[in-house]
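Note that subunit A is present in both complexes that follow, paired respectively with subunit B and with subunit C.
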Partner chain A sequence: MEAVRIVWRITRLNFRAQLEYRTEFLLMIAIGAIWQVSVIVFATVLLTRFSGMGGWDSSDVLLIPATRMMAHGLMVLFLGRMHGIGRYIQEGRIDIYLVRPMPVHRQAQLEYFPTNAIGDLTVAGGLMVGALSRSHLDWTAGRVAYLIAALLGGMLLEAALFTTVASASLRFPSADYWSRWVEDLLGTFGNYPLNVLPRAVGGFLTYGLPLAFVAFLPAAVLTGHGHDIGVPYWLAASSPLVGLLLYLAARLLWRWSLGHYTGVNG
Partner chain B sequence: MAALYAWRAARVTPLGELLAPPRITAALLRLTVQVVLVASLWRGLYSQTGTTAGLTRDQAVTYAVMAVLASRLRELDQRSGRDAVLQHMHFGTIIYWYLRPLPPQRYYALRAFGEQMYGLAWALAGYVVCLATGVVEPPKSPAVAGVFALSMLLGQLVLYYVMLLIDQLCFWTLRNGAAMLILIFAQNLLSGVYAPLWFFPDWFITMSRFLPFQATLSVPLSIYVGRVPLSDAGAQLALQAVWVASLALFTRFLWRRAARRVVAQGG
Partner chain C sequence: MSASSIEVRGLSRTFHTTVRRPGFVGGLRSLVNPKRVPKYAVSDVTFDVAPGELLALLGPNGAGKSTTIKILTGILRPTSGEARVAGVVPYEERERNARNIGAVFGQRTQLWWDLPVRESFAILRDIYEVPKAQHAARLREFDDLLELSTFWDTRVRHLSLGQRVRCDLAAALLHDPPVVFLDEPTIGMDVVVKEQVREFLRHQVEERGRTVLLTTHDMTEVARLAERVVLINHGRLVLDGTLDEIRRTFGSTWQIRATLADAHAEVVPLPGIALVRRDGPQVVFGPDGTEGPTVHQALKQVIERYEVTEVAMDEADLEDVMRAAYVQAGPPAEEA
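Let's look at the complex of A and B:
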């Protein structure tokens, strides 16, 4: 309980600190919004020009970017500071974290308030409302519960990818370069039915870099395409669980990597 | 002697890259995967449709893959070399730019030139491989290749001045992180990196005509794939040249104003 109180107090202070530079604060909100709007524009363009993408109805396809963007916004808000942690490592700030009486991971998350998450979540929320209102599905309690679980699973899976890169950064600070790439890939290929891609490429994005589990597979299960996506149905349906398991594995990797971390002072 | 200094300044960032093999490996892997994914995506999208927005499947794939290769041209990480304007403003080391026997604007231009040459080597190597494997189509004629090369050069100059403008912002705002991110998004969207601008609605294409971003990539790539015929290329090249000239004048003016704002040791 004490830990929650401290986290809340630091978050409030971080938020006030962000307000110190008003222009930067507003620009950061704009960034989240612009980034998400650019994804929407791209998705809309493709949906308009290439209707029936991968055999999916456009209202079904819309559920994929809505889920991914919402999961991304939640990840940025709650667990996003693992993205770009290579800079803290290069600047030796991680060494300061090590001597404080708080877990390093938590300190990294409390480094600053992610203002851009406000823009991210605003646009993602709008898209989700749009996707749900255009959807022809019957939104039973079970479907809604699964969608919420998918959002949380997607958030955890994305966080797992960035935590894995952050763990590598503890040993090779330049590994941080990969986190930008992962973010690009998620933004580019996380928003469409992956069955438009050749099987090998789709397989890579499912079993190699598992971004299919963030939104594509849960959306396939929700919209009834779960049996024709080249992935066992039980695995697609377990996407939220996959996100949770991968996140736990990534946190274990982070803990192990931190145990083997050697700062510039040895 | 001046050429020697220029060479030394230009090679700083590329040397930093060459001395970090993991970064080169990462760049190679990233570029390869990105090209394969982008080519697969556009081929997949075109599998159930013919010509769309005036682009055939091969034109769209060529455009998209070359956009990926071109985005390598200025992707070097100055931050890890602690030589970004933002960092110099933050740590106060920007003053050294004004104490050297090399004007800051020339130093900045030389660094950018070195980076773009290094990026060009990557893009050219990728282009040769893609051409040999049939991922991209060759230009329709030597004339198209020549006009494309000229347009690409002008496009890179526009991109250089736009990025310089964002860096110059630091002299007034101290931070440009948010503006730089907005620029990257705008550049990717409005220059046609995400998707050729021809796919977008008319209002979007009209809006992008008033911005410099389409001059950086969309124009040269459209000329290359034949979406803009050579007969129309003159007007596009002229527009690119106008952007280069106006941005050059504006950034020159800003360099002079910026110099007045730099203070050492509290003034």
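Let's look at the complex of A and C:
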């Protein structure tokens, strides 16, 4: 409980600190939103020019970018500071974290308030409202609960990918560049049905770099496409659990890597 | 229960680095079949620091000082050997060790960059669970010694280096740790702030009884603060003793130049004082052996023994002595 109080206190102070630089604060929100402009363009083109994609109705397809964006915004807000940890390693911030009686991962998350997440979540919220209002599905309590679980699972899965790269960065700081590649792939392939891609690419994005579990597979389960996507239904339906398990595995890897940390001049 | 605040026994830390072979083809070969070589950053180092003692850990760049401090603060694990800080093995119980120590790394701040300093202090108070009254009392004490209140409402990013390091010192001691590690705390500071920091450290050792392990390249700092020094070079311990021992071990430390009233007077060696050279009435004395008198004792003897019309003394400063020590310590066998 004390830990939660400290986290909340630091977060409030960090947020207040960001507020005091008004122009920077507004610019960061704008950057968060503008960064997602390709998703907005994609959604607009999808809705105005096409009736569907890969056998999916356009309103069903819209649920994919909405879910991915929302999961991404939550990830940036709560767990996003793993992205770019290489800089902290190079600057020796990790050494500072290691001499404080608090988990290093938590300290990294509390380094600053991610103002850009407000922009991300604003766009994601708008997209989600648009997707849900156009959806022909019956949004029962079960579906809503599954969507919330999928958002949290997607957030954890994306965080797992960045935590894995961050773990490698503890040993090889230049590995941090891989996080840009991961972010690029998530932005490029995370927004539409992966069954439109060649099987090998779809397979890689499911079993190799498992971004399919962030939004595509949960959306397939929600919209009734879960049986014709080339992935066992039980696996697609377990997407939130996959996100959780991969995140736990990534945190174990992070812990192991931290135990083998050698510092910047080691 | 050990009587030492810091115990270091046979501590070693080896890093492995890849050596690139020369030339383009060599570079390609290194990519396929990298040649890994060990680098002995710290090698079989043993020393103790007693409670309330200030020890200067000295050595040239790359000697292994920072690696030693990183092991003692729980940042790195040793390859072999063991260390205890206030009874805790730092790399086994990192968070418990963190509660017992304060650390200042001169080049890096532990404060929150975008927050006013006082907010950072308040966060640290929460992290270390310091009661509010104690926190306020310590802040008052630190303010008296370091004049923090003139800038502690400023964001860390707007502080000068001197202000920032003074805040870092206060931040490192707010939870009242018995052991403090300072890795080049006064690097880049002006002389006024340096003196203020030295006074603060002296106060922490003498009045508060803290154990301090300090690394620095500033020999004035060493001369003013350290009771004992540990000298390491190429990862190995070269000397563990007082400054006087270092002076005696690593070369001549003083010279007395005298002009004799009688240019033909016979000059005989005095106890512990050697005649270095003579040119008519001009004579130069130096220490004879390592257990000789201090420069002031030698001067007294020379004046009492000879009639002199002019006298001058030079004492090699600590920087010269340390330069000699670093050179004489030489590289380790595997690098020679």
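Following the convention adopted for this analysis, the second predicted complex is superposed on the first by the 255 of 266 C-alpha atoms of A that agree within 3 Å, B and C clash if a C-alpha of one lies under 4 Å from a C-alpha of the other, contacts with A are read in each partner's own complex, and residues count from 1 in each chain.
In this section, a contact is a pair of C-beta atoms (placed from the backbone, for glycine too) under 8 Å apart; a residue touches a chain by one contact, two chains touch by 3 or more.
Remember, predicted model here, so these are calculated numbers, not experimental data.
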For the combined arrangement obtained by superposing on subunit A, do subunit B and subunit C clash, or do they fit? fit
After superposition on the shared chain, which partner residues are touched by A:112: those of subunit B (first), subunit C (second), both, or neither? second
Value for angle(subunit B, subunit A, subunit C) over C-alpha centres, in degrees, nearest 10, is 80
Check the residue A:253 against both partner chains and state whether it touches subunit B (first), subunit C (second), both, or neither. neither
Regarding the shared-chain residue A:132, is it in contact with subunit B (first), subunit C (second), both, or neither? neither
Which holds for A:27: it touches subunit B only (first), subunit C only (second), both, or neither? first
Residue contacts with subunit A in the superposition, subunit B compared against subunit C: B
If you stack the two complexes on chain A, which partner ends up touching A:38: first (subunit B), second (subunit C), both, or neither? first
Which superposed partner A:77 touches (first subunit B, second subunit C, both, neither): neither
Just checking: does A:96 make contact with subunit B only, subunit C only, both, or neither of them? Give me first, second, both or neither. second
Smallest separation in Å between any Cα of subunit B and any Cα of subunit C in the superposed model? 8
The subunit A residues in contact with subunit B across the complex are 21, 23-24, 27-28, 30-31, 34-35, 38, 41-42, 45-46, 49-50, 52-54, 87, 90, 172, 174-175, 177-178, 181, 184-185, 188-189, 192, 196-198, 201
For the complex, give me every residue of subunit B touching subunit A. 20, 22-23, 26, 30, 34, 36-37, 40-41, 43-49, 52-53, 77, 79-80, 173, 175, 177-179, 181-182, 185-186, 188-189, 194-195, 199-201, 204
For the complex, give me every residue of subunit C touching subunit A. 15, 41, 66-67, 70, 73-77, 94-96, 98-99, 101, 103, 105, 107-110, 112-115, 119, 123, 126-129, 155
Contacts from subunit A onto subunit C in the complex sit at residues 2, 5-6, 9-10, 13-14, 17-18, 91-93, 95-96, 98-102, 111-112, 259, 261-263, 265-266
